[in-house]
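The structure follows.
Labels A, B, C, D and E are assigned to the chains in the order they are written; within every chain, residues are numbered from 1.
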Amino acid sequence: MLSLQNVSKTFGGFRALLRVSLEVREGEFLGLIGPNGSGKTTLFNCVSGVFPPSEGSVRLRGEAIDGLTPDVICHRGIARTFQIPRPFRKLSILENVALAAHFGHPTRESDAQARARARDVLRLIGLPADPEARPGLLGAAGLKKLELARALATGPALLLADEPLGGLDPEEMRQTADTLRRIRDEMGVTVVWVEHIMATLMRLVDRVVVLDHGEKIAEGSPRAVAEDLRVIEAYLGEKIALE
Amino acid sequence: MNRRHAILSLSLACLALVVLAAGAWMAAPAGAQALKGPIKIGVLYDLTGPFAAAGAYPGSIGTRIAIDMVNEKGGVLGKYNLQAIAGDSQSKADVAINEAERLLNVEKVDILLGIYSSAIAVPLAEKVDKQNRVLWITIAISDAVFKGRDLKYTFRAQVPGSQFGQISTRFIADYAGERFKMKPQDVRGAIIYEDGPYGTGVAASGEAEMKKIGMRLVLKEGYSAAAPDLASLVTKLKAARPDVLFHTGYNPDITLFLRQAKELGLRMKAIVGHGAGYGQYDKLREAFREDVDHIFNVDPVASQLLDPKKYTNAELGRIRDEFLARYKKETGVAEIPPHASMGFNNTWILLTDVLPRAIQKYGGWSADAIQKAALETDIPEGGTIQGYGVKFAGPGHEVRGQNLRASLVVMQYIGGKTHVVYPKAIATASPVLPLPPTSPYAAR
Amino acid sequence: MLEVDRVTAGYGEFTALWDVTLRVSAGEAVAVVGPNGAGKTTLMRIVSGLVPIRAGDLRLDGDSLKGRRAHEIVSRGIAHVPEGRRIFPRLTVEENLKMGAFLPAARRHYAETARRVWDLFPVLAERRRQRAGTLSGGEQQMLAVGRALMSRPRLILLDEPSLGLAPVMVLRLFDLIRRVREEGYTILIVEQNVRQVLSLVDRAYLLEVGRIQVEGRAADLADQDFVRKAYVGI
Amino acid sequence: MDAVLIAEAAVNGILLGGVLALLALGLNLIFGVVDIVWIAYVDLVMVGMYAVYWLVTAYGWPLPLAAVAAVALVAVLGLLVHLLIISPILASPPVNQLLATGGLLFFLQAFATFLWTTDHRSLRLALPVVEVFGMYLSFARLLAFTFAILGMLGLYFFLTRTYIGTAIRAVSQDREAIALMGADMRRVYLVTSAIGGGMAGLAGVLLIIQYSVHPHFGATFGPITFIIVVMGGLGNMFGAVVASLVMSEVISIGGILASTEMAYVVAFVIFIVSIFVRPEGILGRRE
Amino acid sequence: MKRALPLVGLHVLVALPWLPLGPARLYILHVVILILIWSVVGTAWSLMGRFGLVSLGHGAFLGVGAYTTVLLWNFWGVPPWIGTPLAVAAACFLALVLGYPCFRFRVVGHYFALVTLALGEVIRLLIIAERDWTGGSLGVTLKDAGAGAVNLVALQFADRRVFYFIALGVWLAGLLVWRWVDRSMTRSALEAIGEDETAAASVGIPVTRFKLKITLLSATLTAVGGVLYGQYVTYLDPGTLAGIGVSLRIVFAVVLGGMYTLLGPTVGTALTIALAEYLRVAFGVRFLGMAETIYGLALILIIIFLPAGLYGGLRELWRARPRPLAAATPPVRPA
């Protein structure tokens, strides 16, 4: 469904991504992991159009989408969440989501329809707060859920979730992870999930891709990846390799 | 209250109001005037801002002295006291418009008098005239105030701007052979002007006159009186190498120009200014000391320079001396600027010629009475303290409201004194031409 | 020496640390390890006064540092080498060190401290007139450490010093940190590079999702499976 | 146009550029360090000009003494501006910061009008004319240029040779790290504002010997100063100087080839286009 | 009751020309017309300003609007009925030429303000530089159409009540536009863009297009305000209608009143004009500059203490007063 070929991204002299090739299959639940600064968020940014890749191509169902602006990519069916929640604080929770429901489609639905769908999504995500309240009243977990709700309201075929569990307590984590799973299972949305909370991620995803220093170093089933020496090196340090 | 109801009631209310008001509107009368004083005069000058120092302030003093002198004799015709209400237009046209509105409609003045800057006079005349009120312009000279507008209630005894360019060009042409040893056709003239209606008008008349005479116009360039820097204009002039510079401007820009011209070594045979900033000799002298010697200025004559014997009656001489004495006493200046005379003289004409006739013949000082009285004004040459006569252009005339008998002179500053040097008939001195080597602007 | 006492803190609505307690004794080297997003950097920023505490207390030698601003905390003898080095790229190497010695007390001993830093990091001495931005990543990290030493601190906070460095450089860097430690500085270090750091310090804390999960001697932690699990998940 | 005249305009442009550079450096310093655009910056210059004018004409002080006093006065004014206006809004959105200093601009202009009316006032200095190779150079400008260069050198040495100066440079590179060095940001901001004010004062001194002062004087050099600062790149002193010279040449030579206004139009258009092409300034670095 | 208040206000405004205002009636009308015209411009500015698009160059649109119609009339006798659409088109063209690259290259915050400031100056200087037909720095006067008191073709009226109603109509139209934007999805979208462009784009909002749209709307309304000013005052000068001075004046009036409320810009404009007139009338030359001194100070204080503006701030206070039961929503703790 989504296919990256030799995607590189450089900032000034810094190489954030280096010839990353990657296939995301239709309906897949894919985990994307890697240590700090390994290029995961950069990869999301390249796919979602925040900036174009310096090299390589990004295709969605065979159509090139690199170089398109984020709103167009969103209309093509890719939604994303942000690692640090970026709610529109001057709008109510409902407006936040309704906005996404309204503008997320190339054919815009009416105001009322958008609001109705926004309410549905909020219910699905399990955000029980007063929808007319400002996002400022939500805690960290609520904001993470709002991120997810907003992305989902655009009606994506592919969801890029950037650390949706960061900053949550274990119970909240479990809930959110379940929601992600349900988004895939019940709505048929393909999900790419970036996360540091490995235990949860490894338990749920179909397949894992590992980035380190902007390069793909491993790919495969969770178990296989967890055993991979290069992955352990990347995470725990180089000592073994150097001894 | 629901929405539809609200809209309905609103529109009904509007309609009712319109109908009710229509009658009042139609019937709103200009108002018959009972002959009860005082006569209220709104005096509008730029008391602050760049125009103040360029002559508006002295003009306002001149006007005040005229009103005081009439009031001390019991008022117009000895019984109708004058009440002057001052306004400050702050050298800005939009403020002038608001002040005029206030004077006319809050203070309810009968006559609006004054106006220094042509940039203010041009928009104001239209607005005041539309309200059927009298605007008596004392200083602003631009032709654009009257040209083709057929204003009914606006009058100006002051000289029109077009004459400035004519007389200065003719003056140079007349002296070219004698002093420059050149044919007038060979003289290189440059015109620079502030880009308001005053400068533009003077420049246009100068250009037309040069064309008529065949003088060579090597540069004609306008600039903003508020320009922060005129060095590039000076450089352009240097490139054009004029023999004579015809300059029209206000005070700040003239100061800036003369300063930068000196610094950048601009040299000519003569500099001829056209009123406004050049009329403010005391200010220029304060800034440049003897550097301003031998610069020419075209203006209605400052009254102290006229020979009293040229007045049609001796009374005028006494009035003039009284005015000069009072002005000197109040300001302490040695050299009275022409603008003070303009402010005094042109107010004096209204108070002592037009208003008495309006009251006696047309029953008061309504706009129409004043208008009729003004059109009958017929003062011969020598009948005012600035020497010129007064006859206003009447209906149908291209510059209706303009004094057709106003005249100008060329003056020269020599050794701290002002001398009339042209027209030759009334000259009090022979011009120093070309600029003597002592001048920093003199061609070597 | 340093006591972090049941501290809760965060940014805006986001709570990054819950009820964290931690202690560093004089002369000790202590590490805080844990996966990304665990709140390690926030912990460091709390100690140096960049992030305010919501609940709990922070004490240095028994004096509360709560509510103190960053520059005051430096003057108490805590130097922070922030994540991402944060050297001043357009100042020269020497000027960077000068800034490290900004405190009047440190300024008086500038020449002497500088000599110690030059000795410790000879490569910096060679490049003292070079703009710091032109240094390599490893050199910049050394500069950041050297700059922190200039304030003559008693406690040094090192936040992810190995981040973004090439493997060879990481090794050299840890060698240098070891030497700094041998000079008698007390160190609190946050690292992702678990194995390396555990070989360096006396004790360590494992921080996960804003909470301290495990505390113990470095040698004991190094071999335990749950450290790996915390990182890789399985 | 004669080549000598163009050369003369070019040289005079450089001389004007000196003063513009001084202004740009002062504003750049504040913009770079405190991260707030003082829309009213050039109006501080106006205050400095008035200070010199009144001290010399009304109190009869000698010009050099009045100059020193004016610099000190405007430096204190800079300090006050920071304390009273800027520090309460350091955390506000940039829009509000911009507008608060805009309010200051209105206040300064209007208060000057209130105190001294809108009359144009100038020092009546009789300065000689300098003629070199057939070019006439304004002595006032030469003098101003010399002192502007001295002022810039002074600033340069302050910023490179003192602790607080180096800290000021460091702040514009990383404002958090400098706090970790033990520098009190409040103090750094105050010193920066005072120095920025002092530079404005010096510029005022150098401008009053060339031009007349009036309450709206700031409007004549304000916009051009802003665009020079942005074009030169924030925190980039060299860039500010280069941008000043480029802009003053555009204005000076453009002025004689077209008109003063057209020259400014060209300068502003160059600025607008440069923002689109290189938002970090012509000599700025990409961050 | 809530509906009634604005309605009463509107009635008063409509009836104003016939209210017994005493001898100063015409003058008051004059001041109110000016307030209405500048309120239109202020409202137009706040359309952008409230979403963080702080333009310091609205003088450019104002100037282009005013000068286009007046010059077309003066030189070619093109009546304002045709001149106004052309003026609006010119202002929109300008907005497009500046706005598109600005938004495309993400020129925001200070930089947007400075770029628009430069644009305002460019227009002002161009007007001065083209002095041969624009009248230069001291301005140009609208040619009188002659032909009696009411000239519908030239939109010139001797009776200022006519202008009063035109200004009132345009002002109401401006408020309607403001409210229409305020009540639509457009507002949410722009609010989102103003807060976080990247996040807004990521939910499918075409950022550049929306910013451009609101800029065009604002420029249009500003240009109409300019046309109105030209037709009423019959005199234009570059200092009053273009450049940094007037641009700042517009911004400050709006900020003073508050840019986040419908009537904020109007209240701010009314206050600044009324204060200036009052001080000038009451104290004449003695307190010259005092009006602006006061509102310069007021601005600084308002930005420090009442960032929502005078009207907006007071309204917030009014709303924040304790209210019965239903109002207070307790902060919701996520489960």
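For the reader, a short list of remarks on this structure follows.
Here is the rule we use: a residue touches a chain if its C-beta (ideal position, glycine included) is under 8 Å from a C-beta of that chain, and two chains touch if they have at least 3 such contacts.
Since we're looking at a predicted model, the values are computed, not measured.
Common neighbours of subunit A and subunit B under the contact definition above: E. Remark: subunit A and subunit D have CA centroids separated by 48 Å (rounded to whole angstrom). In whole angstrom, the spacing between the mean C-alpha positions of subunit C and subunit E is 54. Note: centroid distance subunit B to subunit E, computed from Cα atoms, is 36 Å.
With centres set at the average Cα position, the gap from subunit B to subunit D is 39 Å.
Multi-chain contact residues of subunit B (touching two or more other chains) are listed as 48, 90, 224, 227. Residue positions of subunit E touching 2 or more other chains, listed in rising order: 128, 288.
Each of the following residues of subunit D touches two or more other chains: 113, 117-118, 259, 261.
Contact between chains, per the stated criterion, is found for A-C, A-E, B-D, B-E, C-D, D-E. Across the complex, subunit D meets subunit E through its residues 37, 39, 85, 88-89, 92-96, 98-100, 102-115, 117-118, 215-216, 219, 222-223, 226-227, 230, 258-259, 261-262, 264-265, 268-269, 271-272, 275-276, 279. Looking at the complex, you find that subunit E touches subunit D at residues 49, 52, 54, 98, 101-102, 105, 107, 109-111, 113-115, 117-119, 121-122, 125-126, 128-129, 243-245, 248, 251-252, 255, 287-293, 295-300, 303-304, 307. Of all residues in subunit C, only 48, 50, 69-71, 74-75, 79-80, 82, 86-91, 95, 98-100, 102-103, 106-107, 147, 151 touch subunit D in the complex they form. Interface of subunit B with subunit D (complex): residues 48-50, 52-53, 90-91, 221, 223-224, 227-233, 235-236, 238-239, 251-252, 255-256, 259-260, 262-265, 286-289, 440. Within the complex, the subunit C residues that touch subunit A are 10, 13-16, 18, 35-38, 160, 163-164, 167, 170-171, 192-197, 199, 209-210, 227-234.
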